[in-house]
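The structure's right below; bear with me while I get my questions together.
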Amino acid sequence: MIKVGIIGATGYAGGELVRLLLGHKDAEIVWYGSRSYVDQKYASIYQNMFQLVDANCMDDNMEALADQADVIFTATPQGLCASLVNEGILSRTKVIDLSADFRLKDVKVYEDWYKLKHAAPQFLDEAVYGLCEINRDSIKGARLIANPGCYPTCSTLSIYPLVKEGLIDPATIIIDAKSGTSGAGRGAKTDNLYCEVNENIKAYGVASHRHTPEIEEQLSYAAGKPVVLNFTPHLVPMNRGILITAYASLTKKVSYEDVKAIYDQYYEDEYFVRVLDKDICPQTRWVEGSNFVDVNFKIDPRTNRVIMMGAMDNLVKGAAGQAVQNMNLLFGEDEAEGLRMAPIFP
Amino acid sequence: MIKVGIIGATGYAGGELVRLLLGHKDAEIVWYGSRSYVDQKYASIYQNMFQLVDANCMDDNMEALADQADVIFTATPQGLCASLVNEGILSRTKVIDLSADFRLKDVKVYEDWYKLKHAAPQFLDEAVYGLCEINRDSIKGARLIANPGCYPTCSTLSIYPLVKEGLIDPATIIIDAKSGTSGAGRGAKTDNLYCEVNENIKAYGVASHRHTPEIEEQLSYAAGKPVVLNFTPHLVPMNRGILITAYASLTKKVSYEDVKAIYDQYYEDEYFVRVLDKDICPQTRWVEGSNFVDVNFKIDPRTNRVIMMGAMDNLVKGAAGQAVQNMNLLFGEDEAEGLRMAPIFP
Amino acid sequence: MIKVGIIGATGYAGGELVRLLLGHKDAEIVWYGSRSYVDQKYASIYQNMFQLVDANCMDDNMEALADQADVIFTATPQGLCASLVNEGILSRTKVIDLSADFRLKDVKVYEDWYKLKHAAPQFLDEAVYGLCEINRDSIKGARLIANPGCYPTCSTLSIYPLVKEGLIDPATIIIDAKSGTSGAGRGAKTDNLYCEVNENIKAYGVASHRHTPEIEEQLSYAAGKPVVLNFTPHLVPMNRGILITAYASLTKKVSYEDVKAIYDQYYEDEYFVRVLDKDICPQTRWVEGSNFVDVNFKIDPRTNRVIMMGAMDNLVKGAAGQAVQNMNLLFGEDEAEGLRMAPIFP
Amino acid sequence: MIKVGIIGATGYAGGELVRLLLGHKDAEIVWYGSRSYVDQKYASIYQNMFQLVDANCMDDNMEALADQADVIFTATPQGLCASLVNEGILSRTKVIDLSADFRLKDVKVYEDWYKLKHAAPQFLDEAVYGLCEINRDSIKGARLIANPGCYPTCSTLSIYPLVKEGLIDPATIIIDAKSGTSGAGRGAKTDNLYCEVNENIKAYGVASHRHTPEIEEQLSYAAGKPVVLNFTPHLVPMNRGILITAYASLTKKVSYEDVKAIYDQYYEDEYFVRVLDKDICPQTRWVEGSNFVDVNFKIDPRTNRVIMMGAMDNLVKGAAGQAVQNMNLLFGEDEAEGLRMAPIFP
């Protein structure tokens, strides 16, 4: 049994970790951390867990946690994990950080985009970016995993093969992303009230969203040179789901079959990435509640561009599910353990 | 391995059966029946099953099915199961009917409310009403299970103990029910279009809904005399979930503790019925995707009535989940096999 | 031109007042009160008013307001209006209070249900309950109007005629109400976040909601004796709309035509109350954005009960629209001025 | 009084025409055309119009209509208007066609994209594209107005000024559009059922949507040369609203103020186009129910692109509202008559 501690267990990503880990045959949650609800029954906050979770919420005691847990998930605001982690912790336990603290290798880029001083830049080199399909081998031996952001997971998996194979010009990449509202977190803000989100769609963080450099960094590795791109997220009136629609100019004349072959080459052995059949557009409803990413593309010969699309559940593959996938890799489990549930529809 | 055939696999209840059975360790679906989509890939209709289900849809050949399947689920319109079932079928396989054909013992009541001639009244006596928490023992030996309706499941489980114990006057029972839209099925009707359902609530079938006699029959067994009641369903703009709010006059002065003790007596050993803590109202979000029914009550001393509430997922405990629970009972499986997933939130 | 001041102009009811008054040919808003946003552009808070409203938000200075406004709308939390109003104010201006401060004639009932000390009980006798269809004449000469609550408006209009005419037994009345989320206000609370409300339905305030005594008081006037009833509100995932489904036992044998004649007698000359055709159930989508209340009923001979239904827009007839209707009556305007817009669908 | 006939009065755009024209002081609807519901009460189909519209639905008799109506709105499927219009009709009445039949000047482009033979190409030259803010003067004298598509209205108004002024390279334009579900019409299709649309987002018509050539044609006029672009629509779970997010490369170094000045130059005298303040992103909720288009932009110096955004109500400015605006221009009315209602929120 892998003993698991969660810091931030009452946020939406934390709640999803609990849901997934309850179905994992080799994991046991030993610490439901939630500073806001210390000593309250976890199931009184997440009533879906009534009679399934008996524990109370606990404070964020990283030292105690490191002694009790084989792995700690930090599903917390930016900056917190970096402020808590240290050599003593990492020598005793694994850390999978769902925040952005260890996703960007360049501390200056982090500090510019997040407007925060990084509290533990000494671990940036060591931290492994936990995009399992790309970095599987490095993940296996890591102590500290930077669990990817929701938009970067969906964007990178959808675009990466075509950049890596040189089929598209990275300088022309534009990503138009749409997310359900759970991505905005459980904080009580007027902007996230039901009546403000329902019957509405808006862009936000235009040309300034903090997931931009994360996507750029990953695609830069694929391109072998720095990539700068446009990324525009939108808030959609639904609970879960991310859809990205990405555009780029083709570098050469290619057929549907050419491009399909490349996607298949990268993903045909990947359980969680499904390359859809021709002309089937990814839809968030077909992945809800699951760890799948559905990807597809369409060539537009009129403009010589390819439109790349990806859909996933932002709380699963975009957060808690990928975190569990990383845990499975870290502990030598079957990578899909606890993550095989089919998408729920409708 | 239990070999399972599904007739009506592309309706919402049929799709949910597929989702649940994929997670069942001892069941294998051998027949995806769907007259509308014969020979088409099942996963091309329910794209969530892409790469999970490879089979094509098949026609409704009950004879062939009886040879291949240990159990047949009929998730079909009223009248179909009754027209297909016969002694030859039942001697070879089990049938779990998700339609209303075998729920009412009195053929006249069926024909009055459903405006259909019953094609197989000779099996009404034999059929067992598959409300597992009430009829567990009879279910185990049955050949033909009448899987309960969604509203009757939620209503009966919420009200049954207080009727049975004589705490409420059955003549005063009023059930005001609210359902998500998946209950209306996947047929293409203007009334069920997104723009017609969204931003709307309405009552329908007022004083005439066909689940009324089904609830009345079950509560009559509890009361030991005929029960006539009001049942009013409402359509709510959400995919899943049923909430019932029921009212009845108390027959004697009782305390919270008295009533709570009765609910506990009936349900404390029931995994799928959760009696909530004092003053916690059932909400559909806390049971979504799961087989749980959450029930609770509130005494109003001003009017001497008790308000009984129940929430469940109409596609799980209200249809496919209970059908699987029945299958587990029929085949001697752990009753909760394939049904232990925690509710999904948000 | 009627000069209008609004206190609480940035709540949902306040915003709706602004929307309606912009379309009123004889009214001009001179004061957009909002303590939370003093000196900020009103249109920066309610961006729908960009280029339509140029004013800034102002503080709650009742004295200054009384000098500048012919009528003051208080769309504020319970207790505020009572704490601000006094003889000096009422001698200079009219007050239409959208809170509950002056709706209940018995100060003790107010203090019991609202858990507040009433700051101005001396005006309770004078205040007129502004349910226009019932109290039209008294409203015309009033200084202080208690604008009815949303649930009480819909409930009373749906039930009043049958109580008044003695057709139903008031002791058997049960009201099961469903409301869109704008009724919960614009305060930033976790419970009202998009992901908490969406895909969910729940009862709240069971046997304890503060609109209960308000409905009881109005129906007591109709009954000529005290009425005690059950009222259960539910929160529905939609922005606007209230539907009430009410149940009561008939006191005598009546036909559809008998009951219809009574509703017609009360409402056939009322522009804003529409008695629907036989078997047409009220739906909130058919009244959205308008001041209409749609009512209808169904007799259930099996139980000898009548089911009464009413639908309206909680922000219009349930708040701002009725407030404007009251203003029209106070100032001798056409009662429907500014309120003739057809419902918006879809 | 302008006598108005509507063909297709029971579709969503037709219903919206009725709503708007009821509030128009100089228009009267004399013909509610709806082939599907001939002789049925219009208000029995659109129950919001109960007691507001007394008329029955009528068949599509264009000859009779031309005698009775000063203007005919055709809110009908592609091809129908072209098949009905002729010189005799146009010599007697004005026609405002809400379908695509007369939007594209090149009959071959129409037939390629719409897969239809055009039945009246002889009127293509004469027809005026009714984008009021661009073609106001030509509209005034027209007999036949091609009312613009929803996506083209929002896209063209958002992008046109920067193309016209040469600030962006037209070859780089990418439009990512998002629409509410009323845009899909009222036909009973499985894909548009509540449970299929709710909790989902998807792209559709990728690189093949029929509004593409319409946008290209309009922007070509601005560019003075053919424009080819990418246009990707998405279906959003909400009733109303279109948001477009458009991307293009800047042709020179410009400041925020430079670009703002250009938008202001085109729109500061336009009542229905609102150029928002700096950094305020258009949102569909702020225009719902109104004829406004809210536009804004953001320069991204990192990529040298500008992101242009526009939001409007697809049924108002994107269909019925613009049609009424065109009618006002045709008949010398105040252009905003019947269209001054403020957006409804929430």
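Labels for the chains are A, B, C and D, by order of writing; each one numbers its residues from 1.
Convention: a contact is a pair of C-beta atoms (placed from the backbone, for glycine too) under 8 Å apart; a residue touches a chain by one contact, two chains touch by 3 or more.
These figures come from a predicted structure and were not determined experimentally.
Asks: State the pair with the higher C-beta contact count; candidates are A-B and B-C.
Replies: Contact tally favours B-C.
Asks: Quick one: which chain's Cα centre is the longest way from subunit A's?
Replies: The chain farthest from subunit A, judged by C-alpha centres, is C.
Asks: Using mean CA coordinates as chain centres, what's the subunit A-subunit C distance in Å?
Replies: The mean C-alpha positions of subunit A and subunit C differ by 46 Å.
Asks: Can you give the whole-Å distance between the Cα centres of subunit A and subunit B?
Replies: 36
Asks: Need the CA-centroid distance for the pair subunit B / subunit C, whole Å please.
Replies: Taking the average C-alpha coordinate of subunit B and of subunit C, the gap between them is 38 Å.
Asks: Would you please write down the residue numbers of subunit C that are in contact with two or more other chains?
Replies: Only 12, 182, 195-196, 198-199, 237-240, 283, 285, 288, 346 qualify.
Asks: So in the complex, which bits of subunit D are touching subunit B?
Replies: 12, 181-182, 186, 188-190, 192-199, 237-239
Asks: Touching residues of subunit C toward subunit D in the complex: what are they?
Replies: 12, 15, 18-19, 22-23, 44, 46-52, 182, 199, 239-240, 274, 276-277, 280, 283, 285-290, 294, 340-346
Asks: Contact residues on subunit C for subunit B in the complex?
Replies: The contact residues of subunit C facing subunit B are 174, 176, 178, 180, 195-196, 198-204, 206-207, 228-230, 232, 234, 236-241, 243, 245, 247, 281-285, 288, 298-300, 302-303, 305, 307, 309, 311, 346.
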